[in-house]
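The structures come next, written out as structure tokens.
Each of the two complexes below includes chain A, the first together with chain B, the second together with chain C.
Let's turn to the complex of A and B:
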């Protein structure tokens, strides 16, 4: 058993995002442990509650949400990367909280913590 | 045994290709502020970041490359640039980073192999 941290850097429109999810699922299936998934760069877009896809395509938001519901793997979001890309946890006038509930709002400091906790760090 | 102690941030993108260079720098500074040893590597199109005086105001961008000069204050002293990639892209003259080692590709790769955690931008 090895402990992992996973960094998701790609948008829902990028095929590597699904690779990250499949990789995370495979790790757990094989008995490894994931300390956390960290969403950075365009990866933060996967947490936007308004993400929509045609019914015959994978919706990466709901896919990650389902992954969390089943595995309770912490999913961290870099808030400064997120705010640059139109996500907000604010409900003040003019804003509407659009970060999906299973994502923990974090900063890069959390990524430092994860890399210290995990034996292996995988960036996708 | 946790062995992600030595971190290499590898820059492969030009300064204003998407937001990769800035987000790589932000991460390097965070690791450094937690007193973890961080090295910066510049290869492929990433070598364009090592050119001084980029004048990004002309395209409406902030000159975050100017902060490369302050890397020493964060104890980021290990900076490596791939020589062949510089030559191919005709990068010469003043550098945006102080104290960088310009290494031939073979040596550049060997140096990178010494790091526990490699993050690529």
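Let's turn to the complex of A and C:
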């Protein structure tokens, strides 16, 4: 068994995001462990609760949430990257918390921790 | 040990393939995924097929109608992709 950290930096509108999810699923199927998935750059948009997609397309938000429900793999969200892209964890007037519940609010420090813990770091 | 280079963009529209090839070491391996599979027929790739191991993700080749691929490129599945990352020293993504 090998331990992995995965960095997702592609938006839900990018079909490369599905590659990351499929890679993560293949890892776990083979019995490896994912220390965490770190959503960075445009990847943070995958955590927006307002994401909607046509019914015949993959909704990356619900796909990652389903992945979390089954695997309990920690999913970290870079809050600085998120706030730049209109995501917020604030409930103050004028804001509405729009980060999906399965994502942990994080920062680059957490990526350092993951990089340290995991034997392999893969950016997808 | 060797490094694995994951190429995710097409060399016909982006310069990541060229950057990848500039840093490629003798024992390194390449896997083409996503739009990177278009590089299967890129002129810059052709000389490499004799000197380096080059893989392409079969799902992504098929999704883009790129079959058959040139000989020298080995088609693989996600499971093989995982095994390649584990077998490599470092994994470098070009996207």
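Methods note: the second predicted complex is superposed on the first by the 124 of 124 C-alpha atoms of A that agree within 3 Å, B and C clash if a C-alpha of one lies under 4 Å from a C-alpha of the other, contacts with A are read in each partner's own complex, and residues count from 1 in each chain.
In this section, a contact is a pair of C-beta atoms (placed from the backbone, for glycine too) under 8 Å apart; a residue touches a chain by one contact, two chains touch by 3 or more.
Since this is a predicted model, take the numbers as computed values, not measurements.
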Touching partner for A:68 - first (chain B), second (chain C), both, neither: neither
Partner chain in contact with A:30 - chain B first, chain C second, else both or neither: second
Touched partner set for A:16, first chain B, second chain C, both or neither: second
Touching partner for A:121 - first (chain B), second (chain C), both, neither: both
Those residues of chain A which chain B touches in one complex and chain C touches in the other: 120-121, 123
Contacting residues of chain B [partner chain A, same complex]: 1-4, 7, 18-20, 23, 26-27, 30-31, 34, 36, 117, 119-121
Residue numbers on chain A that touch chain B, as the complex places them: 7, 40-42, 80-81, 84, 108-109, 111-112, 115-121, 123
Residue ranges of chain C touching chain A (in the complex, touch as defined): 6, 8, 33-34, 57, 60, 78-79, 81-82, 85-86, 91, 93, 95
Chain C contact footprint on chain A (complex, rising order): 2, 4, 9-10, 15-16, 19, 22-23, 25-27, 29-30, 32, 120-124
